[in-house]
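Once you scroll down, you'll see the structures, which are given as structure tokens.
Here chain A shows up in two complexes: once beside chain B, once beside chain C.
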Partner chain A sequence: MDLFIQQLINGVSIGAIYSLLAVGYALVYSVYNFTNWAFDGFMAFGAFMGFTAIASMSMPFWAAATVSMILTIVLSVGVEKLAYQPLRVRKAPRLFMMISAMGVNLAIVNTINKLYTGTLRRFPIPDSWTQTITIGQASIGQMDIVAAIIAFILLAILWIFLYKTKWGLGVRASSIDILTSSLMGINNNAVAFIIFATTGVLSSVAGVFFGIKYAVYPLMGGPVTIKAMIASIVGGLGSLPAAVVGSMILGVLETMVSGYISSSYRDLFAFAFLIVILLFFPNGLMGKETGEKL
Partner chain B sequence: MSNQKKLLIFLGGTILTIVTLFVLVQIAGVGYFQNISILAGITLIATLGVAILTGYTGLFTIGHAGFMAMGGYLAAILVKEYHVPFILALMGGGIFAGFTSFIIGYPAFRSRLRGDYFAIATLGFAEAIRLLLNNVRAIGPIKLGGSFGYMDIPSLNVLCWEWLGSDGWNGVIVVLLFAVGTLVMTHMFVKSQYGKNCIAVCQDEVAAQMMGVDLMRTKMLALFISAFFAGVAGALMAFYYGYLTPGFFMITRSSDLLAGVVFGGMQSLIGPTITSIVLVAVPEVLRGINEYRLIAYGLFFVIVMIFRPQGLLGYVEMNFDFVRQLWRREPAKATGK
Partner chain C sequence: MKRASLRNASWTLAAAALVSVTGLLVGCKKEVKELKIGYITEQTGAESYIAASSTPALEDRIAEINAAGGINGYKLKLVAYDTRSEVPDAVSVTKRMIDQDKCVAIIGPSWSAAGIPIAQIANTSKVPIVATTASNVNVTISEAGQLHPYMFRVCFIDPYQGYALADFAYKKMNAKKAAFLTDVSSPYTVGVHKFFESHFKELGGEILVNEGYNQGDTEFRAQLSKIKNAKPDLLVSAAYTYKDAGLIAQQMDALGLKVPFMGADGWYVDDLLTMAGPKLEGAVCTNGASTEAPEVQQFNKDFEAKHKVKPTIYTYYGLDALMLIEHGIKQATTKNPKIEAAALPTAIRDEIENATDVQLFSSKMTMEKDTHNPHNKPILIMQIKGSKWNLLETFDPAKQ
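Presenting the complex of A and B:
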């Protein structure tokens, strides 16, 4: 039972980080209809910027996290301007957007690999933060709880922004029909800026917390972002709440498998789960039956 | 372009290729040249499979390394443990890879996954296969070796010895024969009614469905054929290296195959043929830039998509009609302008 509680809390903590990324995917997908494959690179970039800020400039953690966030926003918006906007303006098929995003990802990840080499690094945080809290027999890392709380706070802020402010209304209008909303006076470039700045923040936070939980290395984003994509498919395509639910289920499933079966089968179960969900719930767990848009 | 000009370009290209090959053999040495041609041939076979699925049917895949692994392991097991003839084992590997593709193909197509989400599904499938191979030490008496790899697979040269009877080059000859055979077969598929169905699905699914194209069957067939060629390529790879580890089938291999198709061009076979050979040969010849290869691929992806989204030879097909037309005096075409 103690193992169960411990793994449940770990699962929620990992699920919270997945949900940051999955929500980022859903946000880009709902407006631009393509998956931002470069997330993987953004995440590694965010983690490495935080790492560098602490390790070589000896900044305090929160300052480093802020620096990483700002730099990742700059990268994300820059990539949007250079690699996605020319295609979007030309109304290129979304296949091309996707290839372009994959190219950005390959370039970012391998540039980091070249600059920092591929070794695993420990994210430099004070030792007192890595202590565990013991509840009964279950021991839970402090940082896991902090990560989950911060992820939920960020998601709440995002929800308030999207559903309670005028700017958020603009983004939601664009997600229904970007052309019509621009005719109604919504600035498309501002919407693009908001969306890609948000994804920058989300991926930077996810990168820093994953760096703390496991290690910082150039390819760190790959496995995590695949899980986040699986989570958003499992939940239902293009919907933000579904992405969060999918992430939680996947996070808990993974930690349960590594707790009760073996951690080497963890990823296998995640992929098998995707195939099973697709077999029985073709539109995801919370997805609606969507007809073909003509 | 006039037929004479086409003939000149073709002859020039052929002479240039032969001269380049000759110079390469002189510089790099025969053994090195043989290795590169075998690798290029294997990559070409798998890339043509991806071209059918991605270039012609419009289904994006980043998981063909998984099908290569399936074909490679099965063919290696058949030859090593059960002493099945080489050719039968290759075909068996290909067909097995084709059937495993149904595991992911059926649920994905049924839920109408397209574009990015189909790509994720294939990626997840390939990773699942790799993880499984990493963890399975043995199936009954067959020692797969898990992450250490499946060792002592009979090599290509030994296997081909009996029916070619010459050293060194027979691996090259066999792989190139298979590569040419693949090119001919994919060309025939693309020109057939099934191939036309694939192109229709790629261009507009709804319109294709209204014209009576069965989406499910067309996509499954394209997936089966492309997985088949990936499986054959994986099997050839197993016999070439003489051992297999799950590390051969990482995501980078799938993205290398995809790069060949994207750079070569959509709806073209000759484009991916050229680029896949170049992409194998260039990093091997210029070892120094190998480290920057993936960065350059990434930037090329973006540049190609922005400036030439159809790829190098997108929608272009090489044919030899002009040779025939040279000998025929055509009546002057009526120009309507």
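Presenting the complex of A and C:
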């Protein structure tokens, strides 16, 4: 039983990181119908900016996290303006947007690699923050709890924003039909700004907490963003609560497979799970009808 | 008058051109021949620290040799290509070095999964390749037990490490029940663990659990929770990348898993200490060369001052491989000064195979003719104390 609780805690703490990224995927997908593969780079960028602010400029953690968030918003919105918007304006096929995103990702990750080298770095937080709390036989890191709480607070704010404000209504209207909503007077550029700024915030927070939980290195985003992508598809692309549910299921499933079957089969199960879900629920567990998925 | 001077001028020009062309031709004849040496390395990706700390050292060494007139009139040139730590890339850069660049010998690769297919390329193209840290047995000897005639290495092999670690764990650390956390995608980790297990069991120890993970993983808590439940006296994870060792140590701490932790020479990168030094207090690993050894301190200082990078063991192993190839070139061209370019790689191979007590960067080396491994290369057993490497003992296979 103790082992089960420990594995459940492990699973939820992984699921929290997945959910930040999965929500980002879902948000972009719901409005623009393409998968923003540049997340991996945004996340590494966010982590490196936070790292640099603390290590080189000796900022306190919360200031560094804010700096990282602002810079990642700038990057995310900049990428949208330079790489995605021109394609959208010219009505390029959505596949091209996805390929463009992959290119952006490679450019970001390789630039970071060139500037910082591939070395792993510990995210510089005080040692006292990394202590663990023991409940019975199960242990959990303080920062894991903080990360999970912040992830959920952030997602709650996002939910309130989308469902309780006028701007959120605009984003939701765009997600139903971007062309019609712009005819109704919704400012498309403002919607794009909101979406990519939110993406920047989510990936910066995910990057900083991933950096604290594991380490900061240029390729840090690779495996985890793919998992988040799976989580958002499993939940149902385009739906925010579904992305969170998908992330939790995937995080817990992975740890249970590693803990009770074999860790070598973990990814096999994760991907097989995706296939099975899509066979029975072609739009994901809670997804709306979206047609083609890229 | 004007026309005459023009004509004169054109004659002068023509003469000057003729002189310079002849000069060029003569120059060609006198030009020193250049031999290219390939270096299969990791310039980008998670292991880019390998190239960053080794390529400048190889270039320095080659510049020194060339400044002193080369080897028997041959100048050397380093051709380094990136593998991104991917086996297909490692294979294609090796082919490029051989087919396009006509390298006479190649240094690398640094890991066994690439070393095994590359050994086949060495055999078919008949160009000697000296692996730096690829320590799986099958890099130089095929699964069927056949020696790869053109493949060599300058590091010790996994059985040595596995044996030495098991011996040390059982006898000195008093560990009787061990747990493994194995990178199942790495022949290196699997190899070290296999030989650890066989010697550990021979001594009377037992392996309680063998958990696995895959290259690139960052999350080990599920496996570590299971290991914690099994209550071992020792956790062994001969991770190939120091990243894994650092992350495992951090997560052991987070789970409150307090058992001695042991790895092999893949850990030995100084960045591991900055990344997870305090979490690795007391952990034990092996190594073939030490950046802490007094005899390399001057080199380390000069290297760091010049290149702004700390040397790693890859610096030393890279230099060892280069110096072994130098020895091959020197012997081959001394014995046969008029050797044809096409015959050179094979002649170099023969000399490397027969290398006896050749002074390399880290030690003197004798090549084992039947295995192409260095003979009796000692293993250093290191412990991390106060975020520093500490030499515990030297395990000498000759004395076992």
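Simple rule for what comes next: the second predicted complex is superposed on the first by the 280 of 294 C-alpha atoms of A that agree within 3 Å, B and C clash if a C-alpha of one lies under 4 Å from a C-alpha of the other, contacts with A are read in each partner's own complex, and residues count from 1 in each chain.
We adopt the following convention: contacts are C-beta pairs under 8 Å (C-beta built on N, C-alpha and C of every residue); 3 or more make two chains touch, one makes a residue touch a chain.
Quick caveat, the model's predicted, so the values are computed rather than measured.
Undergrad: Does the chain A-based superposition show chain B and chain C clashing or fitting?
TA: clash
Undergrad: Applying the document's definition of touch, where does A:N110 land relative to chain B and chain C: first, second, both, or neither?
TA: Both partners, chain B and chain C.
Undergrad: Determine, under the contact definition given at the top, whether A:D267 touches first (chain B), second (chain C), both, or neither.
TA: both
Undergrad: Let me test your reading of the model: by the given contact rule, A:T52 touches which partner, first (chain B), second (chain C), both or neither?
TA: Neither partner.
Undergrad: Determine, under the contact definition given at the top, whether A:G222 touches first (chain B), second (chain C), both, or neither.
TA: both
Undergrad: In the overlay, answer first, second, both or neither for which of chain B and chain C A:S68 touches.
TA: The answer is neither, since A:S68 touches no partner chain.
Undergrad: Output check: A:S76 vs chain B and chain C. Expected answer is one of first, second, both, neither. What do you get?
TA: Neither chain B nor chain C is touched by A:S76.
Undergrad: Can A:L87 be said to touch chain B (first), chain C (second), both, or neither?
TA: first
Undergrad: For A:E254, decide between first (touching chain B), second (touching chain C), both and neither.
TA: Second partner only, chain C.
Undergrad: After superposition on chain A, which segment of chain C among 19-27, 37-45, 181-189 or 217-225 overlaps with chain B?
TA: 181-189
Undergrad: Kindly list the residues of chain A that each of chain B and chain C touches, one partner per complex.
TA: 110, 222, 264, 267
Undergrad: Which residues of chain A touch chain B once you look at their complex with the stated criterion?
TA: Result: residues 29, 34-35, 37, 82-83, 86-87, 92, 94-100, 102-111, 114, 222, 226, 229-230, 233, 237, 264-265, 267-268, 270-272, 274-275, 278-279, 282-283, 292, 294 of chain A touch chain B.
Undergrad: Would you mind writing out the residues of chain B in touch with chain A in their complex?
TA: Interface residues on chain B, with respect to chain A: 58, 60, 103-104, 107-108, 110-113, 115-117, 119-121, 123-125, 127-128, 131-132, 134-135, 205-206, 251, 255, 258, 262, 291-292, 294-295, 297-302, 304-306, 309.
Undergrad: So in the complex, which bits of chain C are touching chain A?
TA: 44-49, 52, 184, 211-214, 216-219, 221-223, 225-226, 229, 242-243, 246-247, 250, 253-256, 271, 274-276, 278
Undergrad: Could you please specify the touching residues of chain A with respect to chain C in the complex?
TA: The contact residues of chain A facing chain C are 2-3, 6-7, 10-11, 14, 110, 113, 117-122, 127, 130, 132, 134, 139-141, 144, 214-215, 217-220, 222-224, 254-259, 262-264, 266-267.
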